[in-house]
Amino acid sequence: MKQFKSLLRWVAMATVLGAINTAVVPHAQAQTAPRKILVVASNQDVPNFDPHVATGYSASALLRNLYDPLVRVEGNPPQVKPHLAESFSVSPDGMEYIFKLDGKAKFNDGSPVTADAVKYSFDRLVRLKKGNAWMIAGIVDENSVSVVDAKTVKIKLAKPFVAFPHVLPWLWIINPKLVEDNKGSDDGQTWLKSNIAGSGAFMLKRAEPGNLYELEKVASPWKSGGGNLTGAIWRIIRETSNQRLAVQRGEAHMALDLTSEDMDALKDKPGVVSIIEPEFRTFSIKLNTEHGPLADINLRKAISYAFNYQAMLDSAGYAQLMVGPLPNGIFGHDPKLVVPTTDLDKAKEFLSKSKVPNGGIKLTMVHVSGLEQQRRIALVLLDSLKKLNIELDIKPMVWPDMVASTASPDKMADFFPVYQTANYGDPDNIAFAAYHSSRNGNWQNPVYKNPKVDALILAGRAETDQAKRQTIYLDMQKQIVEDAPDIFGVLEKRKLALRSDVQGFIFTPVASNAVEFFPLSLK
Amino acid sequence: MIRFIIRRLVLLVPVFIGLTLLVFTISHILPGDPVKLAAGPQASAEEIASLTREFGMDRPLPQQYWHYASGLLQGDWGQSVLTRRPVAADLKIYLPATLELVFAAIILAIVIGIPAGLLSAITANRWPDYLIRILSLASIAMPRFFLALVLQLVFAMSLAWLPLNGRFPIIDLPPPTVTGMLTLDSLLAGDWLAFTTSCEHLLMPALAMSLSPLATITRMMRASTLDVLQQDFVLTERALGLSQSLIILKYVLRNAFSSTLTVIGLYIGWLLSGSVLVETVFDWPGIGLYATKAIVTQDFMPVMGVTLSIGFIFVLVNLAIDLLYGVINPKVRYQ
Amino acid sequence: MALLSIENLHLSIQSFDGEAQILNGVDLTLERGEICGLVGETGCGKSLTGLSVSKLVSSPPARYGQGAIHFDGHDILGHSENAMRALRGRRIGMIFQDPTTNLNPLFRIGEQMIDVALHSMGANRWSRSAQREARERSIAMLERVGIHDAHNRLDDYPHQFSGGMRQRVLIAMALIGRPDLLIADEPTTALDVSVQAQILKLLFDIVREDNIAVLLITHNLGVVARLCTHVAVMYAGRIIERGIMADVFNNPSHPYTKALLGAVPTQKTRKGTLQGLGGSVPDPYLPHEGCRFAPRCALAEARCREAVPPEADLGHGHGVACIKAGVSA
Amino acid sequence: MTNHNGAHPSRWQNWQRSIYRFRQSGLSIAGLAIVLVLMLIAVAGSWIVPFPEHISGGINTAARFKPPSSLYWFGTNELGQDVFSLVMAGARVSLIAGFGVVMIAAIIGGLIGALAGYAGGWIDDVLMRLTDLMLTLPSLILAMAIAAALGAGLDNMVFAISMSWWPGFARLMRGEVIAKKEDLFVQAARALGASDSRILLRHVLPNVMSPIIIKMSLDMGFAILAVAALGFIGIGVKPPTPEWGSLLSLARGYLPDYWWTAIFPGLAIFFAVLGFNLLGDGLRDLFDPKARR
């Protein structure tokens, strides 16, 4: 036995020697540098930094801090605040806006932000017709923007647009000199993809695509005030549970894509502040009203009444059921609107009037693969349709494929789930994008068209008298509910988690996950 | 010896060409049109056409292949259709991360597997042997991604001994990139703290990946050690009075190790291809995640880049293993 | 007092098919300077006897039923592995049959020789001076066994030596510790005839110079006749006849010894007169009473099958285990 | 190997000894037991399961995230579905998918290997070089690429995995065919004028079946693991299919609080793969004991 022990000693020694080179050291607390760096956890990568091309909330968040718009929006309900333009005036007919630029505003290469820069930026946006250009499509064109003097800009709208100031925070001003120097053959798109020509309070310090983007505060930002942040890191963490744990353990200060389960898990954790606020973010299932079995209004009504709304609400967690097409609480929303609820008898009644009185058909639903909430809603729909003896084939697809499938009614699936995030706190944003027939072929409103509703939307856009505008939107909502183009889903509450040492964060129900770092500081 | 190496290197050329041809044909057979996807939904027909021309997708296949293969030689591994980033640049960032993970896994597998196999053979049919055999059978069956989750659950979430995910605490700046492998770079920079932190981040993912190779190396080592113990020279060495530990740890070990070596080469390939599973759980920005993102959006340039780089590495590693085999086994060297 | 005396040694090996009784009461003594040939058919247990002397038979599965092996007065069956290690290489040397498999292919000759030398010197493995000393001794020993330019050949690998040369290296290793007893298990069987004679002559010159006792295990009676001082004939795990080589070879008493000697072709043997021996070696798994040779013995009678024949002494050490000894076949 | 009574061991004794060896190693028996239980669950699936409606997508959101209890043995998931029923149903999915992968790979690989082995010459070289190249490529990434391109669905996933799985069988079959090709009875058949295809199908193939079957049983475990891996990454799985890998992947977000939604699917994968590995090892010792452990 003795000799066996000596052998064991040898083997143990060999293993220890081997293990040393993968040193297991107790968790050495990496002492944070004295700098104040805010770490934000998000699951959306930023493939493109061109302010007039990039899309997605993560791109908006970084661009918002690297570039400056004419005006900002802040608070609940969202208020327009001065930024590059210290003030602006609107002509009585609401068609002409004049902006006075802030004298102190300068780009990060030192050159001042002039009216020419504003015109150059708007012209480029309109020319490229990408990124956020859709917000001012048909409203601002090549000759809308004119330079009055170095510090004054005039914008003449092609059509009346009440909510125009609410759109401006997403239209950023670029430094014409830098972009012209690197114009290349595509209007500077390649260069701007990974370089910054802005006047924002932050510069892009480090970019590790797929992993993290580090912003560093400019030496002397032209805008006074703001928090004590010296930098911020936009960290890509794909799993929401990992985001939640990162905040829980202090490895991140903010987590942006949390699910309801994550929020429950964070409820009583020390040092964590949970933000669960209603937001103008609708979720509904678009029905293919032009092609296939759902063109039959009675079948659509039957399905709307058979749908298990309570199950959807349960699975969505922190959310509230939508009452009609518009988000609850937005101007013009009719809380007393009569909308379908789970009522099997009514559903059977409509079904009997439809072309397939006893079901027996198979419908298809697509959803973004990997998007958990949509997968759950699809299963709720599958379960609900069983009661009408209708089968559902669920197809997870990649987002680009889904968008491509909305190009024409025959390519579109029977059910098409859509998230609609309001970019500005005005009913027109949702109404125009989701129900106006000019948007057919796009994922926001693939097929639904009703001339009456189109007319109401355009009227609502132009009507400056608040009371009249109210009644227009009420009529619109009744008509849409009558057409039953969608199954109205839920208004998911915005779910954010912050470390308690983050200060100066004001919740804005508009794109609140596109975080503005300038006002923030760390204890 | 040198002639032996040169001959093997020359033989690699047809293999590399074969690899590029195979990967190219596979990616072209697959349905799905990345250009249309990349052009985006609002893209007009002529914009898609211009993009197709830009990526040379309209030219006949052989020409496309020739363009691709010649590009490879000059380091141009094509461009991601979606992000317009050159694949070579991305690989330079993501490949070292995966290589660091794979080599750490293999080192762990060898450092633990060899002694375990040895011990299991020496104590054949006694409790250590049975324990090791059952553990190794179980660990071959253990799915890496499930083990990764459990490790994360235990060591990061409840015990908080080890960091949850990622390669380096993002507050601190990583050491200057030389090899792209954080552990090596921090050693080169002499930054001990960075070395320990990057080892901490590396430990759990490497452990999760190393379990299967570790189990197989243990089983192979046990089998070859038992064979070597039957050999006559072991009896002679005992008869001449050499101590059991000297015989086992010097004379038997080298013989048994030489036949386990070939398995290690095969496993590097297996680890490289399967790293995506562990990378997803630990958010380890390696070529696994990079390939998955490209696969999901059917952007096949990066997929071809990743597949080819793994294929090349696999072939080179196996060549290295053969040469190492020659070092250990003199008979082979003089053939 | 004899250097080596094996008394009534019983050895059985447990295997899947049951327990095989390999050695059934072996008695053998060996003095310094004596060269005793241990002969017998394959499977009679002669190799196992050799291995038992150095306690190299791993138990389990082997089990020593009764008997003892006294080496220099001590019963080695009771020795621990460490105690045995002290004897092996220093007091007891061993050579095996096949030189191609008895040297570790992956190590240089020198490395293995030096390790053995260090052990035989009992020196601390890591001390520089001990290693230098061991190297010198190895070179000297290799020169002595006839390997020229040993200094350079130390760094060569086994596969760079011929069969004969490798056996010389093994002899050098066995004798480097100047053992008192050498156990040689078929040392030349694997070599071709021309090389056999050289190796045997080399081996026995050294043995005579260093006055080493040798237990030569072989089935080649010619080798025994030419080199051994004593001989012991083994059958089915028992020594049935032993004594001074001349006595046993000139007047074999046990029928089996007669049959063995008869089977060796000499110049005098005329064509067709060579008689083999019927039947085959008894199966060790089956229990057995009486003389194990009875089934194949021409003189066998009822008495032979009842009891195991004791060993009778025919004068100056010539013993035979057969009740009908002396009766001419 | 003559035994006690000297007669040459009959075929029956060989079998008896192999069965003894198989029975002797407890592990192989455990493997067999697990595989049989798995098959039983796969076949009887929806009858023996407490909540069969959940398998085809039924939900009960009132009972979300209930911990394991007497009613819900493995607790419930985010939609109130009984995890035990889903895991049981997952057995059928994984078994069929795993078997599909192994079967397709065996057929494709077998044909290519047989052709290469039997034809020899340049055909052999070309086919074998192709096989070797396929082996150097990363199999999981290839499978993912093919599955993603073909779109969601278990059948696409099975096809994708088998595309990178057949080289193993091709190599095995080629080796066996080359060995059997030289056997006497094949020469005799050729002498009697049998056509090549007849020789290959009637004589050679039946005799190489045992190593193929062993490899199929050994690969079953790893095929199930590959299907689960793809499911885990979320490629190729269509709800409401209760596939273990995707169940585990979805449940990742609910750790550590609702641990049961992740732990039980993970354990199911582990035991299934373990069962097939143990059985495979046992079969290998049964059929060709000389193969090294």
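List of remarks:
Going in written order, the chains are labelled A, B, C and D, and every chain counts its residues from 1.
By our rule, a contact is a pair of C-beta atoms (placed from the backbone, for glycine too) under 8 Å apart; a residue touches a chain by one contact, two chains touch by 3 or more.
In this text the structure is predicted, and so the values were computed from the model without any measurement.
Counting only chains that touch, the fewest steps needed to get from chain B to chain D is 1.
Of all chains, the one whose Cα centroid sits at the greatest distance from that of chain B is C.
Inter-chain centre distance (chain A to chain D, centres taken as mean C-alpha positions): 44 Å.
Per-chain Cα centroids separate chain C from chain D by 55 Å. If each chain is reduced to the centroid of its CA atoms, chain B and chain C end up 54 Å from each other. For the pair chain A and chain C, the distance between C-alpha centroids works out to 90 Å. Looking at chain C, residues 81 sit in touch with two or more other chains. The set of chain A residues touching two or more other chains comprises 3, 239, 369-370, 398. Residues of chain B in contact with two or more other chains: 157, 243-244, 280-281, 296, 298. Chain C contributes residues 54, 56, 81, 85-90, 93-94, 96, 98, 101-107, 112, 115-116, 119-120, 157, 159, 170, 173-174, 177 to its touches with chain B in the complex.
Residues 27, 129-130, 133-142, 144-146, 148-150, 221, 225, 228-229, 232-233, 235, 248-249, 252, 255-256, 259, 262, 266, 269-271, 273-274, 277-278, 281, 292-293 of chain D touch chain B in their complex. Of all residues in chain B, those touching chain A in their complex are 36-38, 40-42, 82-85, 90, 93-94, 104, 107-108, 110-112, 115, 118-119, 122-123, 156-157, 160-167, 169-172, 193, 195-197, 199-200, 202-203, 206, 243-245, 248-249, 280-281, 283, 285, 289-290, 293, 296-298. Taken together, the chain B residues at the contact with chain D in this complex read 15, 18-19, 22-23, 26-27, 30-32, 134, 137-138, 140-143, 145-146, 149-150, 152-153, 157-158, 219, 222-223, 227, 269, 272-274, 276-277, 280-281, 288, 291-292, 295-296, 298, 300, 303, 306-307, 310-311, 314-315.
Every residue of chain A that touches chain D in the complex is listed here, in rising order: 239-241, 259, 261-262, 264-265, 310-311, 314-315, 369-370, 372, 375-376, 378-380, 382-383, 386, 393-398.
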